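Note that chain A is present in both complexes that follow, paired respectively with chain B and with chain C.
Presenting the complex of A and B:
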């Protein structure tokens, strides 16, 4: 009797314990699966598909023709591609002014006086409005005939240059417009960061005679490292995928002088029906971002190891 | 990308019908300008009144969004009717087997006789793939009062007269011509007309089909004439910064006198300015060359994958009727292709109609006649040329390289 009892008991256990035994594997997999399925379907699969498309010639519908590396070869000889890449570098470098400016505005606004909340929200305002609106507003500022700046400078006898229709200035005009909301965003990151700065440390530093620049660089900035990290990452990604402002302010013009990779890709796919060529540009942009992210993650890991 | 204005589509204006046995006819249209939208709504209302058992479902798209969307819906979820453009733009989709052969409608309705001007633009290898509902002439819209102010008594008919008019306007402190080239295509109107006036329609058609090199001497001659205008300060400054609408205030404020454009500009003038605006055709440059004109044609097509082709054919036949075309074209400020229809009684429509009537041949438009990728590179080149005429050789080489990539070496 007892033997049978034990046997059935153990049998019951084996039946229900498969799940329990592998709980540590099954549970995470079960939870990750839906998200992973979605991510694969809507992110990873399109990336692979897009890379695949960069080896064909295709106008969006109809047959696809395999052309191997021809799209990439054409890219290397395409002056617009190089112009767009150069402009992306300008974007990258100049956009890094946003965290710096944001930090100083945050330091300036980080005080308790009457109405400071209103002032802070006014400074944050450009980030709230759509990029399209920012682009339109700046395009109107710049308008050399009817624009605000031109009209203001006219009585002074100064002729305002036509920024957006000048091949040398268009990109910088757009970057300036882009810096406005980006600075606001970095400012808000630093403002929240400044809230968590330990006042006792500041106090101690002051007692030791640190003030001004040295206080900022040696005491405050290290405590803002998290904010700086986020601000720089977001800014660089923002610079690489700059698209909306270019589209709305110049459309990449005049004659491609303000084009960037993201817009040139769109232009090829949507207006020239060259899906393969556009995919090749997308792949290059993807690689650039990958390189940056890999370098960044490696540095991050190194730093974390170092701090331990 | 999601912010981009042009990809945002205005969706789904449902026109309700209470008919008990409603047959649905789905129509996707790109007629999003106010006048176009009104014309299309009126046309659909009239059609539904004539065929109460048919219920038209009207989906309206922005122009650029439509170009993108149609490549999807023609393949996946085709409507029964679309609006599109005759000529090469239509041929692209005919070649892909996505548009229905509607030669039977042309036969049954006698459209070959009724619409002689648009037969070739609607045909691919002798078969018709769409029914045009309106076309329009390009030409100079100019301010009569500014011309008088500069001491100009008559509109120019030759190149010399045209240069003289410009010189007089410049002397009076008025920029002769306004243009906004941010969207690129207004530059193509200039190229088309100069090329057709200098080298004729046949050469222009060959160039559009990629059969002539852009580095050809004859193409260079076009830019030599164009450079005469640029160096004589005919065009407003900083035109790459303005869209075609944004260049209009120069004319409204009396700073500029002429605009080479199409009838859709008419409704954009403020009332007091419109009273002063008149029209003249592009002047003759070489009297030995015939008159060739740009006359872009808008038409209805039935997708190959449509479900209700029978009622779509009824709609095509209805839209081709003379009285229907009279009404639609009048709302659009355009011309009815049906010769039995009457042209709106205003100076712009009548002027354009007369000019097209005496033309030796018509083309669609640069970016409708040639490959879209080539058109983009070409128009960027035209824009750069208008800013830097001295770079013409490099520009033409770049356009030629794109032509060769698409159409092959000559």
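Presenting the complex of A and C:
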């Protein structure tokens, strides 16, 4: 309280009467404007511009020609687009293993034994490593000539396939690499969630004879709803955003077999100078992701509105 | 506690757990172990085809010296620092202001603004790519540090504002009311009451943002062209081309690139996890 009194003594020195009278209106505007201006300029407005660009043909310089829905029509007949979209579905479905695996690792590590805090951190730290590094390591693992997997299988007489240069396997090889840090992230969410599970409810359920799997599904998981929700949303968005690993591991190849929408968009814009076509791909990806963003926001704001 | 504490289990179960723990850890960290081991592998081992077996000698010092001597990795590291630190400072500054603005005042549309900040953070980068590149060209900051820094500040402000707003909304509002009753100005309230209380949130955001921005690959890829401005993530792709068969050197470079965020994480673990798991323990 003393600090507040000191502050109030200094009030006469600051601002005019008008400003002081209206400061409950002026302050929020002044506080929010800089952030909102930057965010609008670099995020919100570019989204609108990109959607606009998806209706034109443009090489990045020179004039833009209005082509209406032509870019979208072309996409419908573009096999690479469909391949990339299919791969995004693979990413999305297989990435959902991350929350599941993360939950089981969290349950495995949720014990009080010597050194467990360090073990938890070590399990988490793939998430802190750059995806570029993750991509490089997994590419070494997969290398058919001198990779770890090939070397390990060699004595068994098994020939390890060249995963990343195989049209059928490349995408799955990349997804596996992506699952590694994503699982670490989900694990930490669940560890935090498990921390705040009500022990009395668990004990009561145990007294009623619930244990193991049934205890987990009926009593514990409902209490982990918040963690599950965040883990699933962030994982889905991560799957749809996948770019770095594809760029470093295969560049979308061989023959676009491991392409995803995010990379195909980049490819069209940077290497083929097809800004309009690239924007149409980005717009489609954006629309797909909007579903999940909207879902996330609705849950979040429902909780928020209850509070102040 | 769930699962049941291992101490309440039989001796053999406890023993099994204690054996399973380090084994699972080693399997889980195999990729990292591989980087570290390869970074210390000597050229003679590689020439002999000994990629994954026991190394006959350790060559960490030589390999690191060679990477620093024969590539621009020093420059790349410095560039990462030059890009990351101002981006964090800018995002924290803007989001503390905006977070306070959204948490302390009731006005129509505040939820809409908050929703825009959150939603913007989840959009695919590709929907921003072409216009943002054009914008940096128009502002004359394409292919400079500033292009990436400005973008990072703007983009990360979305998540940071969300975070700060939530943190400030949890603070006891009576403090602000009491100050207002005393006639303290809003700016003074922010500087002298709110900012000292949000220090833990700022610490959490700073470490999180450090890893996000340090590890970011896409924006420097789009906004930077000159080799001498590349941050370490882009630098690694250069090294990948340069050390096409010198795996030990590429591994040493990867290790160097991964180290700063890893050290940051281990030093500030509590803050880091508090930031990342925001909302995970709420009902």
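Methods note: the second predicted complex is superposed on the first by the 256 of 308 C-alpha atoms of A that agree within 3 Å, B and C clash if a C-alpha of one lies under 4 Å from a C-alpha of the other, contacts with A are read in each partner's own complex, and residues count from 1 in each chain.
Note that in this section a contact is a pair of C-beta atoms (placed from the backbone, for glycine too) under 8 Å apart; a residue touches a chain by one contact, two chains touch by 3 or more.
On a predicted model such as this, the values are computed, not experimentally measured, just so you know.
Legend: residue contacts after superposition of the two complexes on their common chain; A:271 is shown touching chain B, with no touch to chain C. Touch criterion met: A:131 reaches chain B and chain C at once. Contacts of A:221 after superposition: neither chain B nor chain C is touched.
In the superposition on chain A, A:296 contacts chain C only, with no contact to chain B.
Looking at the superposition, the partner that touches the larger set of chain A residues, chain B or chain C, turns out to be C.
In the superposition on chain A, A:162 contacts chain B only, with no contact to chain C.
Of the two partner chains, chain B and chain C are each touched by A:146.
In the overlay built on the shared chain, the residue A:250 is in contact with chain B alone; chain C does not reach it. Contact with chain C, but none with chain B, is seen for A:45 once the two complexes are overlaid on the shared chain.
Of the two partner chains placed by the overlay, neither chain B nor chain C lies in contact with A:101. Touched by chain B in one complex and by chain C in the other are residues 60, 130-132, 146, 243-244, 247-248, 266, 270 of chain A. Those residues of chain C whose C-beta lies close enough to touch chain A in the complex are 1-3, 5-7, 17-18, 21, 24-25, 28-32, 34-35, 38, 49, 51-52, 94-95, 97-98, 100-105, 107, 110-111, 113-120, 122-132, 135, 150-151, 153-155, 157-158, 161, 169, 173, 178-179, 182-188, 190, 192-193, 211, 214-215, 217-218, 221-222, 232-233, 236-237, 240, 247, 250, 254, 257-258, 261-262, 264-266, 269, 273, 276-277, 279-283.
Of all the residues in chain A, the ones that touch chain B in their complex are 60-62, 74, 79, 130-132, 139, 142-146, 162, 164-167, 243-244, 247-248, 250-251, 253-256, 266-268, 270-274. Of all residues in chain A, those touching chain C in their complex are 1, 3-5, 7-8, 10-11, 14-15, 20, 23-32, 34-36, 38-39, 41-47, 49-51, 53, 60, 107-108, 110-113, 119, 121-126, 128-134, 136-138, 140-141, 146, 148, 151-152, 180, 185, 188-190, 192-197, 199, 202, 215-216, 219-220, 223, 225-227, 230-231, 237, 240-241, 243-244, 247-248, 261-262, 265-266, 269-270, 275, 278-279, 281-283, 285-286, 289, 292-293, 296-297, 300-301, 303-305, 307-308. Chain B meets chain A in the complex at residues 1, 3-5, 64, 67-68, 71, 74-75, 96, 98, 181-184, 236-242, 249-250, 372-373, 376, 380-381, 383-384, 387, 398, 405.
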